[in-house]
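Worksheet: one structure, shown below.
Here the chain labels run A, B, C, D and E in written order, and each chain numbers its own residues starting at 1.
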Amino acid sequence: ERLTVFAAASTKTALDAIAGQWQAQTGHQVSLSYAGSSALARQIEFGAPADLFLSASPDWMDQLETKGLLAADTRFDLLGNDLALIAHGTQPTMAIADLPDRLGDDRLAMAHVDAVPAGIYGKAALENLGLWAALAPHVAQTDNVRAALTLVATGEAPFGITYTTDAAASADVSIVYTFPADSHPPITYPIAAIAGGNTRLGAEFLSYLRGPEARAAFTAEGFEVLAE
Amino acid sequence: MSGWLSPEALEAIRLSLKVALWATVLSLPAGIFVAYALARWRFPGKQLLNGLVHLPLILPPVVTGYLLLLAFGRTGLIGQPLYDWFGITLAFRWTGAVLAAAIMAFPLLVRAIRLALEAVDPKLEEAAKTLGASRLLGFATITLPLILPGVIAGAVLAFAKAMGEFGATITFVSNIPGQTQTVPSAIYAFLQVPGGEGAALQLVVISVGLALGALLLSEVLSRRVAKRISGR
Amino acid sequence: MSGWLSPEALEAIRLSLKVALWATVLSLPAGIFVAYALARWRFPGKQLLNGLVHLPLILPPVVTGYLLLLAFGRTGLIGQPLYDWFGITLAFRWTGAVLAAAIMAFPLLVRAIRLALEAVDPKLEEAAKTLGASRLLGFATITLPLILPGVIAGAVLAFAKAMGEFGATITFVSNIPGQTQTVPSAIYAFLQVPGGEGAALQLVVISVGLALGALLLSEVLSRRVAKRISGR
Amino acid sequence: MTLDVTLTHQFDGFACDVEFSAPAGITALFGHSGSGKTTIVNAVAGLLRPEAGRIVMDGQVLLDTAAGIDLPTARRRIGYVFQEARLFPHMTVRQNMLYGRWANRLRRDTAHEAQVIDLLGLGHLLTRLPGRLSGGESQRVALGRALLARPRMLLMDEPLAALDSARKSEILPYLERLRDDFGVPILYVSHSLSEVARLATTVVVVERGTVLRSGPAAEVLSDPEAAPSLGIREAGSILQGRLVGHSDDGLSEIAFSGGALWLPKIAANPGEDLRVRIAAGGVTLSRDEPLNTSSLNVLHGVIDTVRIGRSAGAMVRIRVGDEVILSRISARAAAQMALEAGQPIYACLASISVARSDIGQTRV
Amino acid sequence: MTLDVTLTHQFDGFACDVEFSAPAGITALFGHSGSGKTTIVNAVAGLLRPEAGRIVMDGQVLLDTAAGIDLPTARRRIGYVFQEARLFPHMTVRQNMLYGRWANRLRRDTAHEAQVIDLLGLGHLLTRLPGRLSGGESQRVALGRALLARPRMLLMDEPLAALDSARKSEILPYLERLRDDFGVPILYVSHSLSEVARLATTVVVVERGTVLRSGPAAEVLSDPEAAPSLGIREAGSILQGRLVGHSDDGLSEIAFSGGALWLPKIAANPGEDLRVRIAAGGVTLSRDEPLNTSSLNVLHGVIDTVRIGRSAGAMVRIRVGDEVILSRISARAAAQMALEAGQPIYACLASISVARSDIGQTRV
């Protein structure tokens, strides 16, 4: 049997590995479609043949839920993540308050602060820390958080704000500060089965995702697994 | 996921080629027709058609993809009747990727053919008419061969564009491996992954190679045709 | 951010127009030159140049943007000397957006001009030479006016593409409101949030309107030129 | 086969308003550059839709703007030799030539093809592309292309202008055969009076978009009044005769109502009707019978009119039998000889001045 | 001004290997369609680079493949009237015509412009685009364009082919003036022997890519041996004479070494040197002096040679003074009259058969 999973692109590495294991164990096929959460959510609205949806933002999941597109009682928060200030090259940790001075005329790379989840969280955190007004003119926004990482990795921008999962992935950047969890809304990746999809098989995979093998894979990529 | 190509990547290449070929082949007749209409006819709404053809160029691809979803999605204006009456769905199928690629490439195709058409002396078709050729025959035997370099140029532009199309495709048909994951989508997915640049680069190189091959082939073809025509 | 246009949206429109215009205007001479070289000359590496020109069409835009970043970034192969010697930075500047748009539009520009060039009878330039015109003068007075419809077509394609370019631009120069936030970037941002479609639509309509205006203008211009040329 | 043309059309700065009838045979359109000849031919071909007009070919209405009839060009079954060659640049010479047969789905007639190719001397060029032909070669291919389409009517716009006289004199007899043996009517534009005189059954003189004069060739061309518009030095007369036979010394004898003419060997059979054009400038007049002269053709006739021109010339019209001969001499000679209507006179034709290409075959 | 041309070039299926020298004046290239005339002209213009060759104009080497010299076309200062008009389609007639002046940065010479425009009858077409011209109009514009570039040398490839004879006879004197008053050398391709005879100082007969014969026009054209390749009925002779004066009855008198000729009024001044072409076919021979005839021009001479042709004709060469006249008569007449070299003979020219356009002015 085949299961189609729509998942936020940032979960690709872990999810690929988990799906591989599950397939080997059960003999089922998993098709994983990675794209931005917004694109995936919209496709589901238009009847995409998804059985499960893993979103990088609760907003899009809320939107689907309101429209009654989720299979009842299947939604839960699967993953959590942290937000980090990253710097180009190998750098010691620093106080966030120094950022405006350290930045000077240079740019702070972030995902789009009004549109992309990582950017929205980052803006919230900076506002919370009272730094947004000073930093806002320096923000270079990208269309996804990975692009922000690239800007820092190439040295185009000396600093950037990404998830810790992203920061861990690049050898050219170092985490110089981790935003406290209470400085921004909780970063959660909700998952749910889609109404009209293969909910039976979906439920099987969902429970596998809560299992120990999945947990290990997610943790290895730096995610926090929220689901018990 | 480095080393040699993953089955997923191979699958993406196969699919991209299939999509680009179909998109090019299917849009060619329509492209020639529309180019002819724009170049030679006068009709009400001509500028509207012209604008419509160019729309995918002007719009951010994501928007085009979104509009395609609106129109051809299962609940869409065209998608719903298409499904209800013929059982055809395009969204989330490779056929939808063909549609997306064809629509994105269409302005390039039409412009190239139209430019070629405008350069053909209509007096030659007149001469064919005096020899008994109907309008259609005159077009097929005189004008069409003479615009062949333009048609080839348009086709290769369309093919290249179709090979590279990402935004509209991923928005319209998503990114399902083996079904709708084209090379650009796969590249995108790799780029989202820590350390995925290597695999992405591999795909970039391959798709560039394929498209350049097509380009080179078209150059050779079109030079041969042009030489024949100019008699030089 | 619905209702009437936000200042931010207005700014994006202004910027997009500026970027698209500059991209078109600046790439025009280069486009004509490259098209001429590809159409009329033989030189080693010609097919390489041809392939290079088409590359932005084949590559997913994000990849092009990434390559631009690598080349023109502050530590890039071209970007570093450019900065060290001339103090020029392109990344994060609207000038970088111009570069990205120009490069993405370049294949369209070159193809259109090249097709037009190939349709011009070189015998006319020969005639100009017999009348004392140098190669350059012959080109400027005979060939150039005759390919004007093609140049206009290429320019409008380039302009439209530049107006719609998103992937390479945002990757290369990111999205800094008032500096590098073009209309497509703004549209993209709107589309990322649930319920943002309305605001996005507003911008879509405006950018489509602008590009279609350019298109219509080019049609009129080019028809006038073509009429003059054909004498029909 | 008749062709009736009435049309009015207006370009900016040029108005065309013509009406003429062409009976069977070859109708020559003759006129200065820019007088409207190509315009007329285009209208007959259906390539130009005149503002108003009616064109009828052999009872079939090709165009009637009043009745809203406009037969598409492809269905008019014409063969058009354009003023410029207009060859299909992407087809070889052979493909160009066979296009009409193919478009009209005609049966292949290899004998006819071979004949036309041979006539036009194109045998060695069949696989050539038009871009590599010389000017005259292109024109010959264009001719062949029109001929091989087996049209019901031929339209020829200066078809021989780029050809040398040797080639011309090979092609002209072929056109005559088309006219006579196959009854293909031809609308023929030419600046060459000798071509026109040789071929034309009917001559239509066009001037600034109007028909100045039209009628049977013999009449129009030997009308002293028409001479100025034809170019005075081209004036001449046309005799209708019949080939009597060929003699051993290479001359052929033609009998006409006023006597006999001896001309260099004519490619025709005894008994055939012929037309002989005699250029007015090549006819010397003599009151006494010229003796011991190289001229084999001395005709005895009676002066019909003597018309002293504005310049130094005089045009003398002489009746010989039922025919009229024009002689253009100097006004001084006319005065010295005191030429007057009614006088008997000897017209002396320099034997070979009646040139080969001025002899046309006709079946009236 | 001299032009020396040596060149070899090969197209597939056609080899060109020519060598000729052209002194000052007009050099006519004469030959069948496809014989290589345009090829030669293109090489002189620098539009075709021959495989090997050397072209020297007035001491200036335009091309020397051995020495690696190839002067760009633009620097050769030629005016080329192409076989097809090749007008610039996006420029008006006026812009086309002024292009050369502008490209060569010449001073404006409105008198000259007006004169050329008037000569070519283009005044009413100046703002027209070439796409809307008739065939002959296009050719006239092409002519004007070349003339107004004030070239050091004119190359003309059948420049008058699409023109009617009236227009031709207006343009020919202008070309003569260019040749004589301005010393502009002209390389002239034409199929019309009367044009060539009238204009050419030198004639180069081209046949299948080689020079069959070349030399002074008078010699080549009156050489009975050359007659076949020129087209036998076009053979004729050229007399050098001087205009004596104009008489009241509209005739002009020309004196030459063998006597006097009376011709219709010639637009030249007394004392000017002239060339008169006499078509061999227009000369009747008589043993007795013809009396009471309309021919004003009866020349007394001595038979030089009698050449009986393969067909029914005979070519008789007659010495009159220092000049030679050719007469083409029938072989039968030659036999009847028992013509032989050395006999005295009367050559009778139909007065007006020596046509206006066959009179050219020359400054030898």
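The rule is short, and it goes like this: a contact is a pair of C-beta atoms (placed from the backbone, for glycine too) under 8 Å apart; a residue touches a chain by one contact, two chains touch by 3 or more.
Here's who's who by UniProt: B, C = Molybdenum transport system permease; D, E = Molybdenum import ATP-binding protein ModC.
Not measured: the values here are computed from a predicted model.
Steps from subunit A to subunit B, minimised over paths through touching chains, total 1. Common neighbours of subunit B and subunit D under the contact definition above are absent. The busiest chain interface, judged by C-beta pairs in contact, is D-E.
Where subunit B touches subunit C, the two copies mostly use the same residue numbers: shared numbers make up over half of all numbers in play. Averaging Cα atoms per chain gives one point for each, and the point farthest from that of subunit C is the centre of D. Averaging C-alpha coordinates per chain and comparing to subunit B, the farthest chain turns out to be E.
The distance from the centre of subunit C to the centre of subunit D, with each centre set as the mean of the Cα atoms, comes to 60 Å. If you average the CA atoms of subunit B and of subunit C, the two centres end up 20 Å from each other. In terms of their C-alpha centroids, the spacing between subunit C and subunit E amounts to 57 Å. For the pair subunit A and subunit E, the distance between C-alpha centroids works out to 90 Å. In subunit D, the positions touching at least two other chains are 132. In subunit C, the residues that touch at least two other chains are 62, 66, 166-167, 188, 191. Those residues of subunit A in touch with two or more other chains do not exist in this structure.
According to the touch criterion at the top of this document, the contacting chain pairs are A-B, A-C, B-C, B-D, C-E, D-E. Residues 62, 65-66, 69-70, 73-76, 91-92, 170-171, 174-181, 185, 188-189, 191-196 of subunit B are the ones that touch subunit A when the two sit in their complex. Against subunit B, in their complex, subunit C makes its touches with residues 47, 50-51, 54-55, 57-63, 66, 107-108, 111-112, 114-116, 118-120, 149-150, 153, 157, 160-161, 163-164, 166-167, 183-184, 187-188, 191, 197, 200, 204, 207-208, 211-212, 215-216, 219, 226. Touching subunit E in their complex are the following residues of subunit C: 123-124, 126-135, 137-138, 141-142, 145-146, 225, 228-232. Those residues of subunit A whose C-beta lies close enough to touch subunit B in the complex are 4, 6, 9-10, 12-13, 31-35, 39-40, 42-43, 46-49, 144, 146, 166, 168-170, 221.
Across the complex, subunit D is touched by residues 11, 13, 31-34, 37-38, 83-84, 124, 128, 132-137, 139-140, 157-158, 161-167, 191, 193, 231, 233-234, 247, 249-251, 262, 264-265, 279, 281-288, 290-296, 311-313, 327-335, 337, 348, 350-353, 355-357 of subunit E.
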